[in-house]
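Shared between the two complexes below is chain A, which has chain B as its partner in the first and chain C in the second.
On to the complex of A and B.
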């Protein structure tokens, strides 16, 4: 099978100014994602999902192991030409309008101005922001900013879309819209890697998944073959967590 | 590649010019320069020299402050707001991203420079015209033709109107552009300031030529002599911008501001070579060959800072 992403024994330790290790964020993670898959990288908060994604995208340098994106190193421009990324928080330039934001990211993808204009109009309509295209994104609500960021990730028509917590902070309607969009993109042949700690969202859209906990891979599997709900499976693998003893405090 | 580079350059220049810092510094410099002409009590009979001194020193001090802080803000904002992540995932190398940002800073510095420098020229030329106006007044009084007696007052009013226009017109233009054409207010002010200041220089010269005839050559000569002196001041602005931009990739705002302050203190003796108001006051002019050699001397420093910045950018983890 044609693997688009390959991670082998990936490691990352964050260090302080004096290079003393502060946290070992990723400890020997490996998985691969095949073309056309919707792959979920799951795990509780602080499990190393975002760090793994950032190493995959070439934003962080791994301390060990290897990453291949389309068979190339993640810093390769040829690999990045085929990539779209939606970060956990919608990082946008607040002084740009929605249209200008898409134009900026279209320019970064190397698109000519006519193509940028056409795709921006299509994407703004797709994410339902055509009426506010001329407004600065600094004044947008979280949901609107998320849509602009999603449209920015799609403007280069990537083969691989990396979504870091795509539904984080969205209301149920917007969450549903994002999930529908992800399914539609996957149906169109796009490979999608998404991280989430919201298991219901992952269960709805992912075909395969990998669970991380405390920087290590706990398990990997196919969504239809776990024989129980993803939530039950997840808790069984990661643990129920501790119960807080509030009674003493409330006395 | 060119399209990617220009997208970053354009967004950087747009961001910096829309900043309140740009407003504050250009407006402060323009206001100080404008009202200098009307502070007779502090001029000790050397109105023109004072106008030039204040003009060029404003350009140097405000220019360096602007260069340092706009460079720090644009780079730190990219890093801290996370937009750097989005940009670096796109197919552009980190080194090219840094250099595109540097070019954006340079463009915004040009807008700042042209605005403040044009205002300096308007003020200095206006102050230099004072004796000519006084002479005109005497001539009018000696002549029996009283219809020209009000000319000096009229000229004074025109001069004041010019100066005030440099400040007020950009805001009025920006308000109209914002209200009726949905242009950004801050950006419109910046560009209107630039256009009004540059147009003001030409209008000032045209009116001077009409009123003073052959004697206006003195004013033209002053304006022309100020150009190389002003250009010379662009060198330290560029060097400080490159220095601050490079450090901002690796260090936090306060650390970079402090390092820039230390560099400023260390470079103070060198600024004597860049600040030539005294030569201008003696009627001298700065040869363009001197300006060229100053730029050539600044290039290795600017290149070294940019090279270091590109290396910092290449090696940093983007979290």
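On to the complex of A and C.
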């Protein structure tokens, strides 16, 4: 099978100013994602999902192991050309309009102005922002900013789309819209890697998943073959967590 | 190139849509226009010119260096703090291009502000003024002079040999070089002296001699004499000025090469020819001169902005701003500090170490301090095209080098995030 992402024994330890290790964030994680898959990278807070994503995007240098995107190092221009990324929070330039934002990221992808114009119009219509395309994104609601960020990630027509908590902070309607969009993109042949705390969302859209906990891979599987809900499966693998004893406090 | 222009466009839009730049440009313009009403001067045209160039344009230039340098530091570091930088870093564009485009955008805005200030100075006081090419006499290379004295003393003076062994020949040579540079030439009453000048390109503009006078008693009111330069000559009748401009008029035939001064006063006249004597040839109008000075200011600004973008890429914003300010401070004080250091021969090891560090700072900021367009403008000296080209080339090389290492530093920094 044609693997788009390949991670082998990936390791990352964060260090302080004196290079003393502070956190071992990722400990020997490996998984691969095939073309056309919607892959969920799941795990509780602090499990190493974001660090893994940063290494996958070439923003962090791994201490050990290897990352290949399209068979290339993630820092290569050829790999970055085929990649789209939606971060957990929509980090947009507040003084730019929605249209200018898409034009900016289209330019960074090396697209000519005509293509940028055409794709911007398509994407703005797709995410339902065509009426506010001339407004500064600084004044947008969280949901609208998320949609602009998603459109920016798609402007280069990437083969691989990396979504970091794509439904985080969205209302149920917007969440549903994003999930529908992800499914439609996957149906169109795009490979998608997404992280999420919201297991119901992951269950809806992912075909395969990998669960991380404390920097290590706990398990990897296919969504239809776990024989129970993803939430039950997740808790069984990661643990229920500690029960807070509030009785003493409430006395 | 598309990515370069897009980054530049966004940086420019950010600058233009932020009110800070607008108000900065407005205050700069207001300072140039209303400055003469606020500051006191002698009321003469020359006084107004000096005020406009040195204190109004000079201040706008100085503040712009600090302002746009700080803006450059914030360009990358604030984007990193807002997590926007990572979105650009994962796009298929070289990280050095991201840095270079930001440098280009900030320099474009800064240069526009300087252009506005320069234009206002030209319109208010500069029309009708001219500037001069400045020629210095051809003198022996101070290194050769110093070597000659050094060899002579080594041969004849045993104490000298001991001192050289103690403090090192390099320090002694430096001292001797400055001694040769500072050597006064004395022209006794009734005597003449001559100095050879390089080929003075006389394009038909007015010729003059500029001389800084100092008689043996520290007075400057008794110097009388005459200059001749080929077929040109002019009388020197100094009353009370230290710096005198003597116009030369055509009085005969002959190719100008040697300047001859005949001392007709009762006292001896002393001068340091390297520093005190120049031939001036009218070049062109103040408009062209301030245009060249603007190009020079833009080049200096580009070097500071490139340093700022590099520091902002490698360090956090607070540390980067502090580092840039320290660099600018070192740039300003290094020359004066070096002047005030004790002579190497009389100094101890700690003094010499301090001097070495100061010289390092001066070398580091050499590109910025080599030419000062403001001082050339105020003394009506021509800002030469060759200096403009050399400053522009230096700015291009610095920008390319700083953006290359800034590109590397951008990812290195996120490594520690």
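The definition used in the following text is that the second predicted complex is superposed on the first by the 251 of 251 C-alpha atoms of A that agree within 3 Å, B and C clash if a C-alpha of one lies under 4 Å from a C-alpha of the other, contacts with A are read in each partner's own complex, and residues count from 1 in each chain.
In this text, a residue touches a chain if its C-beta (ideal position, glycine included) is under 8 Å from a C-beta of that chain, and two chains touch if they have at least 3 such contacts.
Remember, it's a predicted structure, so these values are computed and weren't measured experimentally.
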item: Chain A as common anchor, with chain B and chain C clashing or fitting; value: clash
item: First (chain B), second (chain C), both or neither touched by A:77; value: both
item: Which of chain B and chain C A:134 touches, first, second, both or neither; value: first
item: Touched partner set for A:27, first chain B, second chain C, both or neither; value: neither
item: Contacts of A:99 with chain B and chain C, given as first, second, both or neither; value: neither
item: First (chain B), second (chain C), both or neither touched by A:49; value: neither
item: Stretch in clash, chain B with chain C, out of 42-50, 132-140 or 168-176; value: 42-50
item: Those residues of chain A which chain B touches in one complex and chain C touches in the other; value: 54, 57-61, 77-78, 80-81, 83, 85, 87, 89, 91-93, 95-96, 103-112, 152, 156
item: Chain A-facing residues of chain B, complex; value: 1, 3-4, 6-8, 10-11, 14-15, 18, 81-83, 85-93, 182, 184, 317-319
item: Partner chain C, residues of chain A touching it in the complex; value: 14-15, 54, 57-61, 75, 77-78, 80-81, 83, 85, 87, 89, 91-93, 95-96, 100, 103-112, 152, 156
item: Chain A residues touching chain B - in the complex, by the definition given at the top; value: 54, 57-61, 77-78, 80-81, 83, 85, 87, 89, 91-93, 95-96, 103-112, 134, 149, 152, 156
item: Contact set on chain C toward chain A in their complex; value: 2-3, 5-7, 9-10, 13-14, 17-18, 82-84, 86-94, 411, 414-417
